[in-house]
Structure formats: structure tokens, C-alpha cells
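Next come two complexes built around subunit A: one with subunit B, the other with subunit C.
For the complex of A and B:
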């Protein structure tokens, strides 16, 4: 199978629990070797989608295909998926090696084959020396690695991670993100991560699916997701932004003029005149002072937060609106609280979104 | 200084209590080796003849067999039913689970005599009088709470995701239960079974109401012996039962560890 052919295909999958629609006609295609994150708040359906792929939740409608095989009605033990659970779900009565060997033993593999696979999987996660340990004698980070080794050892067609890193402390989590990505690329694994942590999503994935209310709002590469959010929800969920509400005055070929309480602004987007919209820009696009072809607004600095390489400045622009700027400090002085300043940002980096109930 | 004194008081108390609890057992064991029918201290020698007399006790074998049967059957049934009920309570989102949990363990808090009388009258009222069967049902009332209590506690700490993990690794659902849930809960099963068996085996107050002339459990038979002929044969029998219990506990400790059985580890 070639690198670009579809490896995992989810087609029109829906799932309801009583009156709640958890998954609403999900379509998702993942290529072989791709690392994809399902990102969203709790209750958005991301874990249910993962469980539907693993066979632990049966979709009401739709199909799931894996490695060219329709697995919609295949029970989990015949799907050849590897799952790393949030709680790790390691077997307490078995040793580290016993846990890693479990899947192969169940499959009835020969002992020599099992031993080799266990050794390979454990050395891959750098736990080669701990095979004889009891699970309870391991740290959280080590348990996480054992869970990964156990899932990898059966050479699954797809690896599924359900909030697998969220139980680790921040520093260890960030190290694991980088290491895990490298490891998965080395073994050419296809993997899906479920997380609510945007940093994890941006670090780990080739593509990110932002989920909300049982639907995929946007499926894009991390960079595109950040620079060109497809919806207000995606904009809010990934990264920070300045958001100003207004009404469309005129629309012209993918560009709109919007009347806001802070004056007239231009933004990218397709709307009819009179539509209520939110115009938004990422904080690093906001600069001190005026610039050409730009929106601008003035106000009084409310807070200044120093974050090392950047400084976040929040400005009270009046009329209940505020601006958020990320200043590097290289192009000029960082303002201080209560300073009156003017900020501007390019029209080409300003987006208009339909006003909707805030998530 | 004060803390040191307090610790010494506690030490003395711990040692004194241990002696207080063990002393009767030691006396029984010593009496069983008494060379004379009347037990006197200091011992003037040792004899094992009372052990030889155990098997010739009137009605001993039927009573031992009955007690073992009742204890084994009630424990086995309790383990299966009690575990299923415990799963419903610990996991099944059963409405009013707390009430059911309390109901399941409530016989533990009831005096055995009350339980015995209640069961006797209840069985009579519905015309259920077969001695062996009534004894078994009554002993289920005794053993179920032990199993339910231990299994609810064990299941509360059991992560059901383990079964899902086993399924994604290639197990069917029943396979996952057998390969993962049962071994992970083995310490709970063992301690539940042990307490259940012992509670049934030495129960007197409930059994006495349901036994008849031909159907007497071992504890009832033993009390009868002590009234008829108080010689050291009974001490010998008690010592054997004691030894059996100790062996059972030691073996269990070797298998899963008493610390795990007590639920104090990880």
C-alpha cells in the first residue's frame, strides 16, 4: 500500500446516547503513517470516536474501514488496533514483560517470537532493563511507556491514544510528546491521539481535527489550523486572539467591511451586508502604532504579562472590547499598564466569523 | 520523654493483648497432649492418644462431612452470586446501590441467635424443612455478606478499562474477564472465600436452630461431646482445626500475600 492511500476511513459515523448526539456524521480519512489528533473540549465526542474506531463503542450509523477492510461490525479483539488508555490500564497481576507479551500470547504466538517482540518493544520505549518488574513498582512515566510498548508489540494497523499523556506532569509530558512523535515516525505507525491540550495537538500531529458537539469543525495541519482557523470555535480553541464584534457593511469578493464599536474594520470572509460577525486576529499580528492597509484601535493598557521571548499586552479599547497583542520587544518599547497606546494589524490577517453562541 | 513513655505503654499493650488472644489456643494445644483424662498443669508427660480417639467419637465423621459440605457449597455459591451482586453495586450504575450494599452486608451486624430464630420461623412458615437444604440456605445468609463486602471493596479498586485493554489486545469479552479481571481480583476472591468458609465451618448459633438428630454440624456435635465426656479428645480436635486454619492462612499468604489480602498494599 502506498504512503498516500487512505488507511483509516471513517464514513458518516453517528452515535447517540439517549437524547444526546455524541457523534454527528463524522467523516475522517487518515493516510498510512499519519499522526492525527482529535482535539476538543470534554464532551465533544473525540473519545467516543476513538472508541468507535477501536470497536469499544458501536456507531449507530456509518462505516469504519481500516487497512482496506470494513471493520464496522468487527469486534475489538479482531480489529488489530493498539490502544493506550488514559489510566494506562496495565494488568497489575503481570510483570512489565508479561503486560507487553499479553497481546501476542492471546494471539497464540510462539514463545521465541513473543520474547523477541517483547524485547524489541521494551527497548523501543527504553525500558529494556525493567522487564521483570511489577507494574506497581514503576513511576507514572514508566507505566506510560509500558502501555505504549504493550500496544506496539502486536504491530497494530493503527495506534489509538486516549488522553494518554494527560496524567503526566507538565515537564515529563512535554518531553514525552517530542519523544513519542519521533518514535512513532521511526516505526512508521499510523496513530490517532485524543486530547484537549492544544500544545500536545500542535506538537504531535501531522493534522489536527478540531471537534465540537460531535462534529469535526476543521481538519488541517497545525500551522494552517493556527493561521487560518475555519470557525470561531477553532480560533478560540487553538491559540489566543483578539475578537471584536460588529456588523457587515459591505462585502466584496472574499473581503468584508465591518462596522464595530471601535470603528470600521476590514476582514477576510464571505458574508452578506447586515450579518453580525466577529472580526479576529492572532495576537502576534498586532503592532504598536499605525501601519498601511491595516485595521487599528486604541486603548489603555490593562495588563502586561512577560513570558520570556514574548510579552502579552491586553488593552481595554472601551465599549466592552479588548485587544490582545503579543509583542516581541524587538521593534520597540513594551508599554506599561495604564499607557494609552494604538495597535494595528494587517487586513490580510484579520478574519470574520459568523457570530454564534460561544463555546 | 512523654512520647517515649507513651510508646512503651503501647508496646506493653500490644504484647499483652497478643498473649491474651493466643493463650487459650496454647492451652488447648497443650491440653490435647495431656497423658491423663483430666488436664493438669504442669504436664507430667505427653501423649497423642486423644488424637487417636477423635475418629471414634460418636457421629464425628458424618458431622465433619456435613460441615465441610455446607461450608464448601455455601462459599462457592456465595463467591459466584456475591461477586455478581458486587459488580452490580460497584459498577452497574444500579439505582440505590448504597442501600443494596448495606442490605447485603447487614447479616454481619445481626446476632446469630436472632438470625437463627428468624430463619427457622421463616422456613417453617413456607414449609421448607429439609435439614440439609435449610442449613445450606441459612449458611448462605452467613457467608454472602463476607463475600459481598470483600468483593465490593475489591471491585471498587478494579479498573474496568483493563477488560477493554484486554479486548483490544485480542481477547473476547469473556476471555478478558477470565485472563484479566479474575487474576487481578484473585486476592479478593481468596480472602472472601477464606472468611466465608471459616464463618460457615464454625457457625453454631444459626445452625443449632436448623439441625436435627441426624443432621448435626461439627460445632454442634462438639458442644454435645463436651457435655457428655469432657476429656482431652475435644482439645485434640480443636487443635487440629486450629492447625488446619493456620495452614490455610499460611498457604494463602504464600499465594497472594496477607498484606494484599488485608488490602493495605498498593
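For the complex of A and C:
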């Protein structure tokens, strides 16, 4: 199978629990070797989608294909998937090596083969020396690694991580993100992560699927997701932004003029005149002073937060609107609280979103 | 200087006082356990090996050397083992069903398990005699339905004994297993399944080992209760199924042989301790 051919295909998958639609006709195609994150708030359906792929939740409609095989009605133990659970679910009655060997043992592999695979998997996660330990004798970070080794040892067609890093403390989590990504790339694993942590999603994935209310709102590379959010929800969920509400005055070929309480602005988007919209821009696009061909607004500085390489400045622009600018230290003078300042940002970095999708 | 030096002489006796207080707190329970549990056991052991002429093992020789008394020991063992086995086979799935039940259903099921514990074992054993005797409810119903013509002999059979014992001791098997099953993370079974284990494989490799502590607790409880049961065999089967417990009672109440009764008590205790110790050993066995 070539690198770019579809490896995991989810087609029209829906799932309802009683009156609640948890998954609403999900389509998702993942290539071999790709690392994809399902990102969204709790209740958005991301875990249910992961469980549907693993075979732990049966979708009401739709199909799941893995490595060219229709697995929609295949029970989980015949799917060849690897799952790393949030709680790890390591078997407490087995040793570290016993846990890692479990998948191969139930497959009836030969002892020599099992021993070799266990050793390989444990050395991959840098726990080669702890094979004889009991699970209860391990730290949280070590347990996380054992769970990973256990899932990798069977060489699954896809690895599924259900909030797998969220139980670790922040520093360890950030280290694991980088290490895990490198490890998965080394073994050429195809993996899906479920998380509500945008930093984790941006760090770990080749592509991110932003989920909301049982739908995928946007599936894009992290950079594109940040620079070109497809919806107000995606904009809000990943990164910070300035958002101003207004009404479309005129529309012209992918560009709209919007009347806001802070004056007339231009933005990218396709709307009919009269539509209520939100115009938005990322904070690093906002600059002090005027620029040519740019939107601008003025106000009084409400807060200044120094964050090392950057400084976040929040401006009260009046009429209940506020502006958020991220200024780098090299931009010269950083304003102080209560200063009256004007900020401007390019029209090509200003987006209009329909108002009702407010998240 | 004086301020810094002051705490030291106060702190040193404080440690001793703490230790003294600890001993003071432990002492009453130690005295109670020693006086109420340990001392009677020592006396029992003493009575079983001492008679008017001094040290003797005659009671043990009689117990372990006579075919009749070996039969009695076997009867007790058989009652304990059969009751434990059948109670386990019923309790294991029942504990899972109980753990899976939600809300009011779970409360009702738990109450039906707990409430009979409030009734005396004599009441429950008598209830079984009423149900099972020749003109009892079971026989009358079967005859009325035309399934049988003449009453079946049910009371005073081993079947009646085991049915009654299982019924009466069942909660002691279900509850410890239920306590473990209720806390069993469903992710374990899911993890096993995604690793390729079939439902049967998942059961034997994961569910059974993880619920073993509950099984062992239940087995130890039900076995020690049923192997030493007195009321249940007396009322449900009677004279023809002598057990160690009924033998002990007879030795004390009728034959006036306290030495022999004590020896039978020690044998019964040894059997129960052996099974409980074996259970505890099994639960600690690392795989």
C-alpha cells in the first residue's frame, strides 16, 4: 500500500444515545503513517468516534474501513487496533512485561517471538529495565509508557489515544508530546489522538480535526487551522483572536464590507448583504498605528500581559467590543494600561464568520 | 537563647508520651481479643489433649482412626465443599448482574440479599422444612399441577441439606464478589479486547484474575460457615448425616465427653484454617 492511499476511512458514521446525536455523519480519511488529532470540547463526540474506530461503540449508520478491510461489523478483538486509554487500563495482576506480552499471547505467538517483541517495545519507550516490575510500582509517566508499549507491541494498523496524556502533569506531558510524536514517526505508525488540549493537538499532529456537536468543523494541518479557521468555533477553540460583531453592507467576490460599532471594516468571506457576522483576526496581525489597506480601531488599554517573547495587549474599544494584540518586544514601545492607542490589521488576515455559530 | 533551648526538654518526653498513649489505645482491644478469642482456643486445645491421667491423644486417635468418625469428617467436608462450589457458581454471575443493575433495581436486589441475614438461621432452616416436607408446599404444588402423583421425599435428603445451606450462606459469597466486581474498571475488558483477546480469553485472562480476591473472600467465608454448620444439617437432614458440628454438640450435651468434643472442635478448626490459609495464599500468588 502506498504512503498516500487511504488507510483508515470513516464514512457517514452516526451515533445517537437516546435523544442526543453524538456523531452526525462523520467522514474522515486518514493516510498511512499520518498522525491525526480529534480536537474538541467534552461532549463533542471525539471519544465516541475513537471508540467506533476501535469497535468499542457500534455506529448506528456508516462504515469504517481499515487497511483496505471493511471493519464496520468486526468485533474489537479482530480489528488489529491499539488503544491507549486515559486511565491506561494496565492489567494490575500482570507485570510490565506481562502487560506488553498480552496482545501477542492471546494471538498465540511463539514464546521466543513474544520475548523479542516485548523487549523491542519496552526499549522503544525506554523501559527496557523494568519488565519484571508490577504495575503498581510504576509512576504515572512510566505507566503511560507501558500502555504505549503494550499497544505498539502487536503492531496494530492504527493506534488510538484517548486523552492518553491528560493524566500527566504539565511538564511531563509536554515532554511526552514531543517524544511520542518522534517515536510514532520512527515506527511509521498511523495514529489518532483524542484531546481537548489545543497545544497537544498542534504539537502532535499532521492534521487536526476540530469537532463540535458531533461534526468535524474543520480538518486541516495545524498551521492552516490556525491561519485559516473554517468556522467561528475553530477560530475560538484554537488560539486567541479579536472578534467584532457587525452587519454585511456589501459583498464582492469573497470579500465583504462590514458595518461594526467600531466603524466600517473589510474581511474575507462570502455573505449576502444584511447578514449578521463576526469579523475576526489573530492577535499577532494587530499592529500599533495605521497601515495602508487595513482595518483599524482605537481604544484604551485594559491589560498588558508580558509573556517573554511576546506581550498580549487587551484594548477596550468601547461599545462592548475589545481588541487583542500580540506585540513582540521588537515592535518598539509596548503601551501601558490606560494608554489610548490605535491598532490596525491587514484585510487579508481578517475573516468573517456567520454570527449564529457563536461557541 | 532561652527561647531556643526551651522546646527541647519538652519534646523528648512528648515522644514517650505518644508511645504510651498508643499502647494505651491498643491495650483494651488486645485484652479483649486475647481473652475472648485466643484464651478459649488455648483452653479448647488443652481440654482435647488432657484428661484425668494427664496428656492423652486418645480423642484424636478415636476421631482419625475410626471409620465412623472419618465418615463424619468427610460429611462435614462434603457439606462445606458442595455448598461452597454451588454457592460460587450461582454468586459469580449474580454479582456481575448486581453490579450492572442501576438505581432502584440495584437497591431492591441488595435488600433481598441483606434482609435474610437479619432472620435467624433456625427460622430459615425451618422454612425449608416447611417447603420440602412430604405435605409441604413444593410437593403439594407439584401434585396439584399433576406433575407427580405421590409426594417426593425431599426433606432429610442430602439435596435438601445442600439446597438449604446454599440458600442460607449465599449472601456471604455474593457480597464480597460484588464488592470487587462493582469497582472493576470496564476499561480492562476493553483493553483486552482491543489487544486481540476474545470474550472468553478476556474472561479467563483478565476478569477472573482481577475478581479473584472477591472469590477467595467468598469461598473462605462460605466454606468456614458451611463446614461448621450445626442448625442446617440438624434440621434439614438429621441423624443420618452426622457432621463434626453435630458430633461436637452430642459429645457435650449427651455423651458428656468434653475432651472428645474439644478434639472434634480442633479438627474442625484445623480444616477451616487450612482452607482459609490456602485461599489467602492463592490470592497473593503472583503470576
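Here is the rule we go by: the second predicted complex is superposed on the first by the 358 of 359 C-alpha atoms of A that agree within 3 Å, B and C clash if a C-alpha of one lies under 4 Å from a C-alpha of the other, contacts with A are read in each partner's own complex, and residues count from 1 in each chain.
Following the convention adopted for this analysis, a residue touches a chain if its C-beta (ideal position, glycine included) is under 8 Å from a C-beta of that chain, and two chains touch if they have at least 3 such contacts.
None of these values were measured; they are calculated from a predicted model.
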Superposed partners subunit B and subunit C on subunit A - clash or fit: clash
Touched partner set for A:196, first subunit B, second subunit C, both or neither: neither
First, second, both or neither for A:136, with subunit B first and subunit C second: first
Which superposed partner A:106 touches (first subunit B, second subunit C, both, neither): both
Partner chain(s) touched by A:154 [first = subunit B, second = subunit C, both, neither]: both
Partner chain(s) touched by A:85 [first = subunit B, second = subunit C, both, neither]: both
First, second, both or neither for A:54, with subunit B first and subunit C second: both
Contacts of A:76 with subunit B and subunit C, given as first, second, both or neither: both
Subunit B versus subunit C as contact partner of A:98, first or second or both or neither: second
More subunit A residues in contact [subunit B versus subunit C]: C
On subunit A, the residue positions that both subunit B and subunit C contact, one per complex: 54-56, 75-77, 79, 81-83, 85, 87, 89-93, 102-103, 106-107, 150-151, 154
In the complex, subunit B residues that touch subunit A: 159, 161-162, 164-172, 175, 179-180, 183-184, 186, 265-266
Complex contacts: residues of subunit C adjacent to subunit A: 185, 187-188, 190-199, 201-202, 205-206, 209-210, 212, 286-287
Sites on subunit A touched by subunit B in the complex: 54-56, 75-77, 79, 81-83, 85, 87, 89-93, 102-103, 106-107, 136, 150-151, 154
Subunit C contact footprint on subunit A (complex, rising order): 54-56, 75-83, 85, 87, 89-95, 98, 102-103, 105-107, 134, 150-151, 154, 160
